[in-house]
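Both complexes below contain chain A, partnered by chain B and then by chain C.
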Partner chain A sequence: MSKIIEQAKYTCALGAQQSVLAIPRAIPIIHAGPGCSSRQFMFVSNGSGFQGEGYAGGGQIPSTNSSQSEVVFGGEKKLADTIEGAKKVIDGDLYVVLSGCTAGIVGDDVKQVAAEAYEDDKPVVGVDTAGFRGNNYKGHEIVLEGILNQFIYIDFPKANVRKGLVNVFSVVPYQNPFWRGDLEEIKRLLESIGLEVNILFGYESDGVSEWKDIPNAQFNLLISPWVGLNAVKSLEKKYGTPYLHIPTLPIGLKNTSSFLRTVGEFAKVDKDKVEEVVAYEEKKYKQYFVAFGDLLADFASYLPYHLYVANDSLYGLAFADFLSNELGITPKLFAITDEPDNKSKDFVINTLVSKNAEWDGKVVAEGDNRVIQDLIYQIIKKEDTKSLIIGSSWDNELAFETDSILIKAGMPISDKVIINKSYVGYKGGLTLIEEIYSGLFEKGMITNTTHADKDLKEKTCPNA
Partner chain B sequence: MSSDALKLTEVEVRDRRLKSILSFNGKASELQEYSRQLKKPEKDRCFSQCGDCAQMCAATVTYHIKGAAVVVHSPMGCFANTPNNNEATKHAALERGIEPFKVQTICSNISEKDTIYGGIKKLNDAVHTAYERFNPTVIFIQSSCAAGIVGDDIESVAEELTDELGIPIVPVFCEGFKSKIWSSGFDAAYHGILRKVVKEPKEKKKDLVNIFNFLGSDTFTPILGKLGLRPNYLVPLADVETIEKMSEAACSTHICETLGTYITKVLEDEYGVPKVHAPAPYGVEWTDKWYREVARLTGKEDIVEDVIKSEHERVLPEIEKIRKELEGKKVYIFAGDSYAHNIASVVSDLGLEISGVTTLHHDMRTDGEDSEHSTLQEMIDVAGDIDRFTVCNKQPYEVIKILKELKPDFMIVRHMNMTILGGKLGIPCLLEGEINVSAGYDGIVTTGKRIKHLLNAKKILGTLAEYNEFPYTDWWMNEEKLYF
Partner chain C sequence: MDTIRIAVVSSNGIDVDLHFGQAKEFIIYEIGKNGLANKLEIRPIPEKTIHPAQEGGRSGGCCFHDDGKIEDMAKTISDCGYLLIEKIGNHPGRLLQREGIYVLEKSGNIEELLGKISQYYIKNKL
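Now for the complex of A and B:
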């Protein structure tokens, strides 16, 4: 059941307008009240490292701006006019209508209105993303399902399988703030072992032509605990495409090598090819790691050894896995913020525990970051160990007051600019290492007295 | 408006109360003529890009009240807050010399089930949670489209909980679908404040002037200080006690007619606090008029002419210097309703050529101001008629055509997410976020200096423009009409 929320970590299902924008030249059309679309944009713009409106987002998104008359008399006519206008004014390859609360309660049939506006060179899809139906993780799933059911399955009913072709379903665009860099790195990794990749979202996607190619994949790759599972199952049913489900996004050496081997095996890629890539990447990685070993050795008594995660289950699992198994930072609290259903929640917890031999922490599913913060405070106070928090811009003060290192890796990130950063893969793991251990120096040079100097800490508090 | 205004649960939305409109394309003087006759100039659009809603404006009024909590009774999308609200409050408080504090907001997170069985229980829980977590002095309940259509009786909940908790629980009826004019949300929030928080005056404070503003700097202390008066900044950053006593002020004014029109009129009708019947103090002539009217209402007529004279002597030479530096520059204004008129008044003093103005809506009338003295007319009086004057609720697909044609050197924009339109065309935009700094004679100089800095952005925005691709079709860009 949805609960009261003070510090938001996500928005409503309509936030999936951003998933549409993440497909090159796909255009969202909003059938909702006048402020709904720009609300979503403000959350992801300010909250996702200033990722901006891009090609057709932000204030440019067509909207019915539904008012009294659409609520009283129904809004289907207004929607039809808006779709018509959008197709004429905004140059796109796919138009996705997303409805909000007004249309959802009134009962406008957006799917039908979209179907009537459908043209072969300008496909239109309609989905019900009324805010009360759930959060934007769910919204993302609704959008995936809508595009598949109302566009791909109809126009491309038959598969023509191409060996080595994989469709990737993973991060939720914008909601996972580093989605662009993540997808770029996932694509690079998969290509490095000889696969051909439909990455589907982001700047390295060919857009709608890639989506049209979905039926032809040798397999679907789901890198996510639960978001996207419905889509790969549906594709299996429709085209018989097998799917590989890897719940943990790979970060660092061990996970990335294991990721490449698992995918390689599933895809029946030449084993030597995979091992060649792994060897090359690992050799480079190990040298980087060893070269920062002096710092590890010098400051071993100041390093963070406890981990607190307040993030969605996708990023949360990925960070916990790497930090615990490669850097020896033990999870003490693992708070997942994306509201998975009970089955998915159990799956996430099992995945976490099975991969963390030393696990003795607490797991909660909680959408209100304020509640998570209170828990972290309590535990850190009791544990009295230098800690790492995988949090968001909500947690500046928490990190400051508990003298913890904060990595902002989840929504909202409102005081950092994000371009193409990613913590995924070998390179991403090293980036994360850079940031965690640079965090040691945020309050000045480490000496035995730095941490006792309360005045200095107060003077240098960043954004508390 | 009758003096029974406060007996009504809700204030009528601007669409009906002020006959506000969202589309116009012509000369400023023509719009003024339509306004005089209350005649709608053009029909509504068939196609629109996304607007904003009343709930956002209600949030800007209620979120930053010191000691207040706000319960947003909605699904998460209407709430979806970020720490920016805290940051904005903190920095504005520091500017004003107030101890920084955090916004205290909470969302009831309406789910599907609540839309079927009603969300009252959840709202009740949310108000209690807010009470326990924040120990507030007042709690606002913001309604939403979902709550409004389902018919949750927020008024009754508020009344019951006021009795139970012993603090004012204030319903704010700001459902987005109810008004096409997002500024209706200002009125909705103020209406709640007037009904549930403001008290009968116990004493009159002759030197206290209500200033309805946003989160802004303390520029009115020096402005009013020249007349021996004090500003009473309302309502962001004010505490409940200050808000309760706004009825005791000598008069009320604002930084923008669009913001202050409703509450200043009700204060005049209900509590005899006179509204300053002069345009807000933006630009030399408007500031002169405003000073005289404030002085008339506070018994300062004896000194006001000296103040104006010495202020002119102090500031006009500075303005003259900046005028020379900005000579020949063309500006486009995209803001308002009324705030666009304020800016036009300021930039005309800076000697800039106004290539055009777009206001985000237009109130065909205001509460308690006759059309001869609307800010639109006052703008025409000081800045001259404006040939390219349009009204639209953001609509970048429309404004892009005007900008491509007029090619201004820079823009002044007061709205989130709209400066990027200028940016993508390589046109620097001054985002008017903190608008107190542009008030008074000094505000003209400040604006001039900010423009000078802004023009440095030409190079980097030129790069942005070079790399950018707009999504608008050739058909649309070659089409003569501005909208359809």
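Now for the complex of A and C:
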């Protein structure tokens, strides 16, 4: 990997401030240089479809704005003052101090300062999210670890298990752009088979009260290849809570039915109840799908037949699986963009390849989207087949030049607005299908349906 | 390690306790190769125009400064790497930074603060 990243797909660990903001009434406090926090906001929130500031985000985020003085003399006093100010001025249920690079180098003990500011009704935790610790996927894990170790484990050391209660650890808020809709759908699916859900992040969460309830779950559900694995392992160690690890986020019929059955079995939910839900959802889905099948037949020679995915472990795996195993699009490349360690990378690859051997040798890890683009361009030029690219706003020109259909499903998405859309579940799978095949008509209506008209390109794009 | 000079603003030679607008003179210290600070000399601040914020006052702080005068001040301490002062506005601070003088805003005992600067400098510039 080159030393310069031309097209970023993630940001530094401090970006995990957005994970704190995703917990209703949790307040991030930044101990970093001036501008660090707003830069994170610009990339992670604005760059994920303009998701807005939320309760205490954007310009509201308290920051020590550390300068040379804090570097030379130490910044702990300024941090302590900033925390006190934040507690007075911003009404929250949990305060999470995130320190940036300067504090990390200078050696300010953020955890200690946070512990000293801790009050029962205003808990404060401190985590080191210096940029050199890793990217914001790593930062998200660091935040989870900090909240559990410094707040939940201390204040709620005993579990009072409630049958049917499940904690969900899945998408990374904002970094996975459709996180709000995703979490809504995941919660709905789990509730449909009779479970009680602590969704922990997003508008359907009760906020900090759900986090306090974490120890009482019957089991933890990790819907992600690797982000969050440390958290569920830690919870198992502390409270003995078992966890179910489902690496593939369910999109479409096959994976969502499998998801419901796997969770239902692990949670020991009544099997009939699960089958009832699955039967109902599948029947509906199939009616839509069969109706859509006419389009596939009519436009057979215009369909995208080759698949390129550039996304993180979580979304990327889910899209690669659904598109190749349910829609039957031929795998060509999956570039994993979140910089997993080798063990996690191998796990993602094995999960995908063991289900569909066509992916073997076609999965790489690459954090610079420009490198991925060059690779995709090379392959498409050689293959000369209509392609589908699961990419981001970086890839508009690539899609145009290769005449490919582009679905923007990963960071950054700066030319779309994202509110509650999701590709998760039965419904999400149909939404994705809708968008992919709408891409056929991007350059105008196709009137000739018996064979591909090579003059069509000249007629619609004379200067291409 | 190179030696470094620090301009300090103080009312009594013991504490850093004045704002930029109140400063009458710079006390120049030099941190030698052994890491110890010694007082070199006192340099008076050239006469400057200070008025309370007037209509159209530029820096928006509590003093209205004339950029040209600040640049003259910067020349007085152009051999110094740092200015140690209790408080200074953003605007004069940035102008000084352009002249290569970093501003450290901190109140307290001069000796102690110089000790910390010396530690930082040794740790990072060697």
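What we mean here is this: the second predicted complex is superposed on the first by the 439 of 464 C-alpha atoms of A that agree within 3 Å, B and C clash if a C-alpha of one lies under 4 Å from a C-alpha of the other, contacts with A are read in each partner's own complex, and residues count from 1 in each chain.
Here is the rule we use: contacts are C-beta pairs under 8 Å (C-beta built on N, C-alpha and C of every residue); 3 or more make two chains touch, one makes a residue touch a chain.
Predicted model only: the values in this text are computed from it and were never measured.
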Exercise. Aligned on chain A, chain B and chain C: do they clash or fit?
Worked result: clash
Exercise. First (chain B), second (chain C), both or neither: which does A:S404 touch?
Worked result: neither
For this session: Classify the contacts of A:V71 with the two partner chains as first (chain B alone), second (chain C alone), both, or neither.
Result: both
Exercise. Is A:G52 in contact with chain B, with chain C, with both, or with neither (first, second, both, neither)?
Worked result: first
Exercise. Which partner, chain B or chain C, is in contact with more residues of chain A?
Worked result: B
Exercise. Where does A:N311 make contact in the superposed view: on chain B (first), on chain C (second), on both, or on neither?
Worked result: neither
Exercise. Between chain B (first) and chain C (second), which, if any, makes contact with A:N255: first, second, both or neither?
Worked result: neither
For this session: Could you tell me if A:T82 is touching chain B, chain C, both of them or neither one (first, second, both, neither)?
Result: first
Exercise. Which residues of chain A are in contact with chain B in one complex and with chain C in the other?
Worked result: 67-68, 71
For this session: Sort out for me which residues of chain A touch chain C in the complex.
Result: 67-69, 71-74
Problem set entry | chain A-touching residues of chain C, taken from the complex the two chains share | 102-106, 113, 116-117, 120
Exercise. In their complex, what parts of chain A are in touch with chain B?
Worked result: 1-8, 10-15, 27, 30, 32-43, 45-47, 52-53, 55-56, 58-68, 70-71, 81-82, 84-86, 88-92, 100-102, 104-106, 130-135, 367, 370, 393-394, 396, 412, 414-415, 463
For this session: Please give the residue numbers of chain B that touch chain A in the complex, ascending.
Result: 46-56, 74-84, 87, 105-115, 122, 125-126, 129, 133, 144-146, 149-150, 175-180, 182, 393-394, 396-397, 416-418, 420-421, 469, 471-473, 475-476, 484
